[in-house]
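Chain nomenclature is as follows: A, B and C, assigned in order of appearance, with residue numbering initiated at 1 for each chain independently.
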Amino acid sequence: MSARPRSAALESFRSNPISLFGLALVAFCVLAAIFAPWVTPYPTHVGPIGDFAAINAAPSAKHWFGTDTIGRDIFTRVIFGYRLSLTMAVLVLAISVPIGVVLGLVAGYVGGWVEYVIMRLTDVFLAIPPLVLAMSIMGFLPPTLTNAMLAVTAMWWPWYTRLVYNVVRAEAREGYVLAAEVVGASVPHILFREILPNCVPPVLTKITLDIGFVVLMVASLSFLGLGVQPPTPDLGSMVADGAKYMPDAWWLTIFPALSIMVLVLGFNLLGDGLREAFDAEV
Amino acid sequence: MPKLLLTFLRRVGTSLIVLFGVSILIFGIARIMPGDPARIALGPNATQQQVEALREARHLNDPIHEQYFYFVRELLHGDLGVSLYTKRPVTTDVAQFLPSSLELVFASGLLMVVLGIPLGLLTARYQGRWPDHAGRLMSVIAVCTPAFVWGVILQLLFAYFVPIFPIEGQLSSAMKPPPTVTGFLTVDSILAGNMPTLANALYHLVLPALALALAAIGQTARLTRSSMIEIYRKPYVEMSRAYGFSERKIATRYAFRPALIPTLTVLGLDFAALLANAFLVERVFGWPGLSRYGVEVILRKDLDAIVGTVLIIAALFLICNLIVDLLVSIINPRIRLAEKRAGS
Amino acid sequence: MAEESVLTISDLSLTFGKGRAASQVLNSISLHVKRGEKVALVGESGSGKSVTARLAMGLLQSNKTTISGHIDVAGLDATQGGAAIAAARGRRVTMIFQDPTSALNPVFRVGRIFREVQRTGDESLTPAEMDRRSAEALKAVSIPDPARCLQSYPFQLSGGMNQRVLIAMALINDPSLLIADEPGTALDVTVQAQTLALMHDLTQRKGTAVLFISHNLGVVREFADRVYVIYRGRIVEHATTAQLFSDPRHPYTRALLQAVPKIVKTGLPELPETSPSFLDPLIVHPGCGEPGTVPA
């Protein structure tokens, strides 16, 4: 993998309208999530109490996405859902990425039985479909927010181990690593100063793509009733709950569903743009 | 081809090691998690004696490595334990629910290949022109949308608003299911020679299969496109043009075959991911597959059933990857003939 | 005059891209190759020689290129690419490449590629006939065990073997023009020399015209009748091989010639590009000159 110089990457990213669109979507969702209490029309609808005068109202100027069975504004709840999903995604990746990266570095550079153990362990985790693994972990834990997060974290690190491992394997043959070895640089120096910088573009790109996919995974878990519990506004459970009132109160389901799509799409377009800009294999 | 066979056997060996690891992992999670599994299984109303009896019967009082030993011994006898929820052997339960799930997964896998690959070829061929842009946009939207979201959207549009397809289920209630042979309704209908049932089953299959397949179709198209574009830059494609091969032949054979090698590997992973996503789609369409059973046993903390279900899914996942490996080594002569050289 | 030329390029200019991003790659070049003749186009990388070859094959024309002038290949107008030249590729005009191994599709057996090449020439041949012809063609390029070679994948053969395979493929449909783009530069020097000698003998026997694209004047001296020197998208000197080596007139040609001993071992040396005399007008030696024009 050859990484392009940063300025060229930036130039390539800027000239791609699709990536910029992705960036705009992400910026919109993230800002809305951060400032949710101030930008949403009915911030009190986050809890179990809604507006009983307006139950199951169809979308209107007053309630853009309509209201739910107890009169809560769905637009408000979607934005708070973003807040929750994004927080979880950031936490999941903040834990799993460092673990995965370090294991990948060690496995790729040290080799021998260390490599064998780490990579077979990675294989074991990757042999179970992520959703199924997360589901089964949830099976043994009470269905709470923290546990859902832990379950997703537990299955996310191996992807980074494999990614970094492949980069290290490719880089270890490069001249500059050999040069560092010849002049007697220490192993941590070679790992963190010489090789790690080369892992940054692919890892960053994968993180961007993964924020979307973690959101998707968490939503899937709560759609199955194994994640976030009511009344916390969560996109997946909103879709699941709303589905009971199809087709009459279609807005209960469709708006949260489309909101997931928009959020994941934003991160995906952004991630694709970065991948092309950095010319990185993910 | 003994070399190919040898390679394949080695892969089978690795897969078995991985499966062994999966069994330790799942077993470990099940035992390390807080709470007494026997108490959870029997509920708060059971007496202490009942709980103790169950603990004894399930070897729960023994050290954990001995518990694992019993578990593996039973596993090797094809025994995954008894579900505390259905009171039946886990293998019986899985055998009952799995075929419906697999039928859905196979239908989606078929859609993934027959729609995804041509879409990828088309977008690669017209790279940078409007079919490419349109195709890529469709693909990325498909990939970014969870299967259950596709499920509810398709259901709303084509079952409720425009009632072309049934809302849920695997067969109309007026239909009598064919005698069970394979467990696949469509196949059993064909075996029974019952065409109306077959038509009805296929009719029920359309929306769930499509909802499940859409993300995979998008992913396949993207992959096919990017590997085709990479191959189009190779000197041997220029050679094909310089020697007068037609563009169609290049797109469908001389560039396609090498492009298929990287695509196929990921395609296998995508196909396996369908197994997991089927859980979500089955939920939406009330499909009587493994999903309902799986979620039910998870919510009821039904230890043996959870471990058994996960193990079977992991095994299917590994088998799927094995088949893909085999296919890749068949179309890639470098692996088939030079495995020894690339050894490590 | 024009009938005896298998390739006539006149006044050809090529621009990549449009508007501000446009860059001119070829600047009004003219050259011709007569039936059975060996002509070399010599220049350093980036001089436009490979681009010229691909234009002549109709392989480069796209909506990103702007082309003026005229290209005539075996009586076909190839200026803007298109179906006519596409149909002639592989039959009347073929090409061999720098790196023979990467020019052969790695997932198909040599025999299979051979068949496909022959199909573009003659649809009516049966597979058995094609295989027999392939084996003969391989024998003609001194491959010891043709049957085994046909059963092999390109990565199982050496670079030199693959180069022979490509030469055999290029000539199996009896084309009137072979464009050799730095043939075998990726191979080691002795193997390159062997395969070039082989190509030379075979094209000599079959009467195939060759446009030989190279940066290596040493190689050109042995295999070409006539030489065009190309520098930054312009033809700067045109002479018979003997004339060029005995009396190089353009300063760029002289610089190239001075570098010859080094070329054989280490590739092309850095040439000083600052000398204004490098942009001297085209020098045509006596007796050369393009068909239809008055010799200088």
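Before moving on, here are some points about what is shown:
The rule is short, and it goes like this: a residue touches a chain if its C-beta (ideal position, glycine included) is under 8 Å from a C-beta of that chain, and two chains touch if they have at least 3 such contacts.
These numbers come from a predicted model, not from an experiment.
The interface carrying the most C-beta pairs in contact is the one between chains A-B. In this assembly, C is the chain whose CA centroid lies farthest from the centroid of subunit A. Subunit C has its Cα centroid 53 Å from the Cα centroid of subunit A. Averaged Cα coordinates give subunit A a centre that lies 22 Å from the centre of subunit B.
Residue ranges on subunit B touching subunit C, taken from their complex, read 234-236, 238-245, 249, 254, 257-258, 261, 331-334, 337-338. Residues 57, 59, 86-91, 94-95, 97-99, 102-109, 116-117, 120-121, 153, 155-156, 166, 169-170 of subunit C are the ones touching subunit B in the complex. Those residues of subunit B whose C-beta lies close enough to touch subunit A in the complex are 14, 17-19, 21-22, 25-26, 29-30, 33-35, 140-141, 143-149, 152-153, 155-156, 160-161, 272-273, 275-277, 279-280, 283-284, 294-295, 297-299, 301, 306-307, 309-310, 313-314, 317-318. Within the complex formed with subunit B, the residues of subunit A that make contact are 120-121, 123-125, 127-133, 135-141, 212, 216, 219-220, 223-226, 236, 239-240, 243, 246-247, 250, 253-254, 257-258, 260-261, 264-265, 268-269, 272.
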